[in-house]
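Take a look at the structures listed below.
Two complexes come next, and they have one chain in common, chain A, joined by chain B in the first and chain C in the second.
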Partner chain A sequence: MAFDWQTIDPEWSWSEYAPRGEAPWNAERASHLLRRAGFAAGPDTVRRAAELSPKEVIDGLFADPPDDEPFERESRDLSGAVLATGDAKNLAPWWFHRMLHSPQPLREKATLFWHGHFATSADKVNDGQLMFEQNALLREHALGDFTAMVQGISRDPAMLIYLDSATNRKSHPNENYAREVMELFCLGEGNYTEQDVRQVARCFTGWEVRRKKFRFNAYQFDSGEKTILGETAAFTGEDAVRRILEEPASPRFIARKLVRFFVRDEPDAPDTLLEPLAEQLRNDNMRVGGALRRIFASRLFFSAHAAAQKVRSPVELLVGLLRALDGSANVRVLADASDQLGQAVFRPPSVKGWDGGRAWINSATLLGRANSVRRLLNDENTRFGRGGLVELARRFDQSEPSRFVRWLATLLLAVPLPSDVERQLVRLAERGEQETNFREVLYSMATLPEFQLA
Partner chain B sequence: MSGRCRMTTRREFLQSALASSAVVSMGGAAPSLFGKLASAETRGDGRVLVVVQLTGGNDGLNTLIPFRDPEYRKARPKLAIPSDRVLKIDEALGFHPSLGGVAGLLEEGRFAVVPAVGYDGPNRSHFESMDIWHTCMRKTAPRRDGWIGRYLDSAKASGSGDLPAIHLGPEQQPLALAAQTLRVPSIASIDRFRLQDGDDTYDRVKQLVESPRESATGLLDFVQSSATSALNASRKLEEIARNAPGAAGYPSTGLAEKLATVAKLIGAELPTRVYYVMLDGFDTHSQQAAAHAGLLDQWSGAIGAFFRHLSDLGHADRVLLLSFSEFGRRVFENASEGTDHGAAAPVWLAGPAVSAGVHGEPPDLTKLVEGDIPHSVDFRQVYATILERWLNTPSQELLGGTFEPIDFLRRA
Partner chain C sequence: MMTRHERRAAIRTLFVMGIGAIVAAAHADRCRASGADDPGSFARSAPDLLPDTVVLYAEIPSPAALVARALNHPLRARLEASPDYQTALANPRLTAARAALTLFEIQVGGDWREILNAAVGGGIAVAVDGKTRGVVLVGRASDPAVLKKVRNAVIRMARQDAKQKGRPDPFQSTDYRGIEAHQAGNARFAVAGSWFAVTNQSELGKEIIDRVLDEERHSSSLAMSTRFQEGRALAGAEGDAWAFADIEAIRSAGEGTKRLEALNTQANPAAELILGGVLATLRKTPFASGSFALTDERAQLRLLAPHDASWIGEDREFFFGPGSGGAAPALIAVPNTIASLSAYRDISGMWLRAGDLFDQRTNDKLAEADSNLATLFSGRDFGEDILGALRPELQIVVARQDFTDREVTPAIRLPAFALVGELKEPETMQRELRRIFQSLIGFLNVLSAMNGQPQMDLGEETDGDRRIVTASFLPEVDRKKGEEGKIQFNFAPSLAFSGNRVILASTTPLAKQLAETLSRPLPPASDPSNTVIRADLRELRAILDENRRQLIAQNMLEKGQTREEAEKEMAGLFALLDAFQSVDVRLAVGPQLTLDMNVTYQTDAAKPSNE
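Here is the complex of A and B:
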């Protein structure tokens, strides 16, 4: 039977999941949480998570590590080297290093979400430093204050350059940013008029980028009265953002995108289902952390309505494959592969970001996914655990061929392995020299339709 | 996965196996046999539609230029094209100077334009307006498929193998091609459109992908059928790429490269009815003049070379090309020497079948609606013409209404 949101009770959906007989807290559910609220986790992490309570695991996901955390130092050193090259292309490998190794995978995942939301492309901005600063802005607020994020992005040089709004004169207000701030960032199409676009554009006159910095040019600012969303005043740009975020459509719009990204691709959730989350966002003054926690702790999130109901994005596919097996790889190879599969980070296809869901999948990307996994497995820098797959499997006492196949499936797949497929893979695992064959099994499993879902 | 779907997949697979084995066994002589196979399968005498989408909102007013109109020069103090540089079509209208290739096609009687195409209540969001053009539906209706996808679904009874349409390019697949029962492949480049491993891997992956699943959610079923069609299509195209002769005379641009590949595939007489390519970059909010000239040059040069190539191959008569953009731009230029999102814009058609020339009145720039050119033709009238008179398919159900055709095709 086809899924229908109308049959799902909103109150049930967002009430807290409590482990029960028919919905136990186990490795499977812990894996689901760690895949969605991050990029998947290795066997040790999953086992530890299953021994804690869901709440403890979620608290851990939101915890801030100390600033002198070794990973952050390493990432800062890398970013220094990347920015010194002046080439924005080197930023993508840097971010892949973070997504692959960060001890705070949720913050990275949410940063990726906001990058798709406030999509800006280095192809046009053409300045590594500005793209890096925007990325830092998104990371800073990723689990926090949405209003601060929109105010920040409205004066973010990379965004203004991307939307042709680096100059904005009183005599000819540029409508581009005004439109996108309502259509794509805060309200969604249909929740404002063309008149609102023109009026909001006037609020942003005089907002400029000079020498790579935001500057307010009072001389070019239109200080007259404007009517935005039915309210008239001598609004400034900040006022316009504030006014837009007061609309009831705004928390609904954000809640809908969060549910689509973290819970279920399709169909889009109806307003009634979103209302409890939207209300939480309103009560939290548009701070997103509370709503996100509520999502991850919810019955809906741990139900069959969410499991395997997302298509893996290229980043989730590549980073997920490695993280699930404590892997590491040449991050340049990862960034290139993701680009070819349709998700070039720092270079989204348009200001709308990536559509996600079924749009990730077509003939070319499916063949490309298989080829990327092959390339990754053939690359000499690709490691699992401290070395090979066989060694990793032995460490967990899972190297016997049929156990290996089942173990790999529980680490990688959000749905059970079909029995016919399992038999074929076991036969493959039984052939000849082990590391080559185990990698062949991994390749085959990664090309399954099941692995394309998360 | 439902039984019905699996049967379809299996039938498609058999057809593709048949088609590719024909190519393999016949070597160089394959195309003509393949051609018979194709025309026996298709309703439209092997007719092909090629869509070239201009993404970002092409400035129609600086493409098809009312060069004598004082209102045009008033609205475009910096961006107006001087009269002496316009490639004149008639007393009122002319092409942008970069459109030499297209002007040549018009002279040969192979180019037509409908000047002001759009729809009621124009939406100025790129994405929303593009979705409207692709699906013929407003946001309030569920958009499960696109107008071409619905055509492919409806034509499926006559059989079209697993390549009913092809999207060529690295972009996300256009919603216009989304169908309920078929999967249209998107191909970034034919060289990369295959598994980079030997036949052993191909056979094993295929067997794993096609193994029966006990229960499949909507998404899993979708991925599985997409993977099956990807594997079949890659085999077939690999054979064609191996056999097709090279193409010469194209400019070295991305669009030209795509259209050269399309011409090769048409020449190989694939049963494919629709090819879809895109040219992005038309969102010219600032410093428009140079960027727009470059894009038009790329567009016009590629289309000109494409039809020369098709004529050489002896397949031009089978091809109708449609080019459109999600909207035009504001009549008045902005402060950044660019133009903002507008409403109606020209739609372009090319091929030996067109009735050459301008079909409709040039827009009256004294009668703007909110600073924009209003449409005189609904875009679904263009689609209806193509469906009814080129693809021989009733259009009412596919477009969700009856739309009067425009006479831009010669009557056979």
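Here is the complex of A and C:
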């Protein structure tokens, strides 16, 4: 029977999950949380999470880790090195390095979400530094103030260049950004009029990009009165953003996108279900952290309505496979593979970002996913726990073939491994040279239909 | 000729059976076989045992001495001190190999160095036979009794290993003229007196045994081949190893002809420019030989082939010059030179002869380029008027840049490079080239402006008869102090004139240095050569060191390494580079085509003072 949101009680949905007999807090649920609120976690992290309470794990996901400075310093060095080449294409491997190794996986995952939301392509911007600065802006506000993020994006040179809005004169207001800020970024279709677009465009007159930097040109600013969403004043660009975000549709729009990205691909959640989250966003002055916490702590999130109800994006597939096994790899291979599978980070296909969900999967991409995993596992630079897969399994006392298969399934899969498949994989793990076999088992598991679900 | 599979199997066999022997003769004394056990009236050498159908032959007359020199070499201490070497020692496979070696010592009785000195002390040779498509390793022991012990130990250990793994006996034995021969997989091997042979072809093995046992010298032996004797003489008696290739025999074999034809440069003008003359010689020369010598200061490789100017057609006169008499000017050196190349090449001649040298597709591309270049050069014919204005000598200089006084230091530091040529008519061409250069920079500025990229500022400097047209990127107005610049700040394209010389350099300082250097008389080239290259590996190391941060970042991204791992790998690379000082390559032409390559090691006395 097709899933119907209408049968789900909003109050039940967003009430706090409490471990109990039929829904215990265990390694599987800890894996689910760490997979959705990040890109999957290694065996140690999953074990430790299962020993804590869900609330403690969620608190940890939002906390700034005390030891992240070495990673940030290293990431700055790497970004400096890739930006020095002057080629924007080198940024993708840098971001994959972050996604693979960041001690704040939720922040990286949320940054990826906002990158799809405020989609901007380096193919058009053609400047690595500007794309890098936009990425930093998204990361800074990824779990924080949505209003500040929209204000920042409104004057972000990469975004303005991408939307052909590098100049905006009062005699001829540029409507591109005005339309997207309402349709794609804050309100959604049907929540504004063409008149609103024209009026908002007037607010952004004088907002320009000069020498790759934002500049307010007071001579080109239309200082007259504008009527936006029924309210009239001499609005500025900042005022326009503030006014748009005051609309009741705005928190609902953001809540819907958060639920689609973090809880379930489809169908889109109805307003009734979203209202508690929208209210939270309103109460938090559009700070998204509280709403996200509520999502991750909810009964809905840990229920069968959410588990395995998302298709892994190429980034989630590749980074998740490695993070679940403390892996490291040539991140250029990862970036290329993700590109070939349809998710080129820093180069989304359009201003609407990636469609996601079922759109990730078709017969060609399924084959492509298998080939990408094969390429990754065959690459000499792909390591697990800085060594071989057998070594990693031994470290966790999981090198006996049947234990190894079950252990992998717990770390990688959102649904139980079918018993006949498990038997086949155990037989595969028992044959010949162990490292080769274990990698073959990993390959087989990563190409199962079950692994495509998160 | 063998298939790739056969060749691999043969190489693997030879590696297992032979190369270990070479390496293991570390501290053995130079010990030539006396020939006392040779039947008949003459002392045999490896070429006496091989048929004259051998097309490739390489010999180490005294492997013990060579390996001893390698193991006592000053570089060894550097190698052993490197972290990578220590890591390699801990490798489980190497540990297993060392355990097997210890077992081997116990089986034969004695230290491996002594064992292998006795087993290959009379020299070893590797040959490829054109008739049987066989590969063979032939060697002579200084102590035949030890050689037999080695053979018995190898057979015993392999049988024990097979038994432990539940596999069948890997050896089949047979008798040929009283000599016991063994076969394991594709490898056949036999010991006959002080000689041993390992081959992948039975017929070749039998021929060798015949030549060991027969009292009379075979007239069809390789040693009696005229081409081989000439090749041996050409290689000279010096050196630790030498090799011979019967090019005529390879050419006459159908597959050999195909292989030579595969070396064509019809679709590759760059390869033609670099190798065209060499390949033309190889299509006519009867043989080639080479020698290798290792000393405490350097490794020297010399390759030679008979050459005749009449073999080179008019189409390739651009390479060697009329009558093969073209000579490269002396190498130019400026401070921090990483590499300097000097060659005789009539590029104009090559461009105009393109129709004879390249295939249709390449010619179409060249014609298109010619048309575009003619536009750029104000309608002047690129091949005839522009390239033709230069004398047929080409010089390239690559140097490390000094950013000390630069306003902007780029994050990635690239070397500067320059092309140096000599104008036939400097009076008319200098003005023309200056105008073309200025137009080109203006054109690039328009393109950069269209793409939002930084533009260049044109300038001109004069110092006596030296004139330099410069172009430099302007620092961004809002640039923060101390901020590293983008990659384009490695470049400041400049065109300089010094006497008859024209210099097109990637940076103004290099253009100035070269103009000044060329304003003084250069010392004449030491020996007339076609091409001379000198690379200073200390400068290469220095520029890599300047980019160490970038290299570490690249390793972290591309190899998934941690910073510590990447730093360690870089340290290994630098330790390796520390061991070398320079590489010199020289191609000379006369009655022979001679290619010399010398690698000079870094001795402690030659180390830069700042290290």
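One rule holds for everything that comes next: the second predicted complex is superposed on the first by the 451 of 454 C-alpha atoms of A that agree within 3 Å, B and C clash if a C-alpha of one lies under 4 Å from a C-alpha of the other, contacts with A are read in each partner's own complex, and residues count from 1 in each chain.
Methods note: a contact is a pair of C-beta atoms (placed from the backbone, for glycine too) under 8 Å apart; a residue touches a chain by one contact, two chains touch by 3 or more.
All of these numbers come straight from a predicted model, not from anything done at the bench.
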- request: Return fit or clash for chain B versus chain C, each positioned on chain A through the superposition.
  value: fit
Query: Should A:A2 be classified as contacting the first partner (chain B), the second (chain C), both, or neither?
result: first
Message: Quick check on the superposed pair: does A:P103 touch chain B, chain C, both, or neither? Answer first, second, both or neither.
response: neither
Task: Return first, second, both or neither, reflecting whether A:G387 touches chain B, chain C, both chains, or no partner chain.
output: neither
Message: Going by the contact rule set out at the top, does A:R332 touch chain B (first), chain C (second), both, or neither?
response: second
- request: Identify the partner contact of A:N126: answer first if only chain B is touched, second if only chain C is, both if each is, neither if none is.
  value: second
- request: Check the residue A:V82 against both partner chains and state whether it touches chain B (first), chain C (second), both, or neither.
  value: second
Of chain B and chain C, the chain that contacts the larger number of chain A residues: B
Message: Taking the superposition on A as described, I'd like to know which of chain B and chain C A:P19 touches: first, second, both or neither.
response: neither
Message: With both complexes overlaid on chain A, does A:P248 touch chain B (first), chain C (second), both or neither?
response: neither
Task: Between the centres of chain B and chain C, viewed from chain A's Cα centre, what angle do you get? Round it to the nearest 10 degrees, please.
output: 80
Distance in angstrom between the closest Cα atoms of chain C and chain B, superposition on A: 12
- prompt: Which chain A residues lie in the overlap of the chain B contact set and the chain C contact set?
  reply: none
Task: Spell out the residues on chain B that touch chain A in their complex, using ranges where they run on.
output: 123-128, 139, 167, 170-173, 183-188, 192-197, 204-205, 207-209, 211-214, 217-220, 222-224, 226-227, 229-231, 233-234, 285-286, 334-336, 338, 340-341, 370
Chain C contact footprint on chain A (complex, rising order): 74, 77-78, 80-86, 93-94, 97, 126-127, 211-213, 327-332, 381-383, 386
Query: Can you list the chain C residues touching chain A in their complex?
result: 410-412, 451-452, 476-478, 484, 486-488, 549-550, 553-554, 556-563
Task: Write out the stretch or stretches of chain A touching chain B in their complex.
output: 2-3, 163-164, 167, 169, 171-172, 174-176, 179, 183, 189-190, 194, 197, 265-266, 308-311, 340, 342, 349-350, 352, 355, 358-359, 361-368, 370-371, 374-375, 415, 418, 420-421, 424-425, 428, 444, 447-450, 452-453
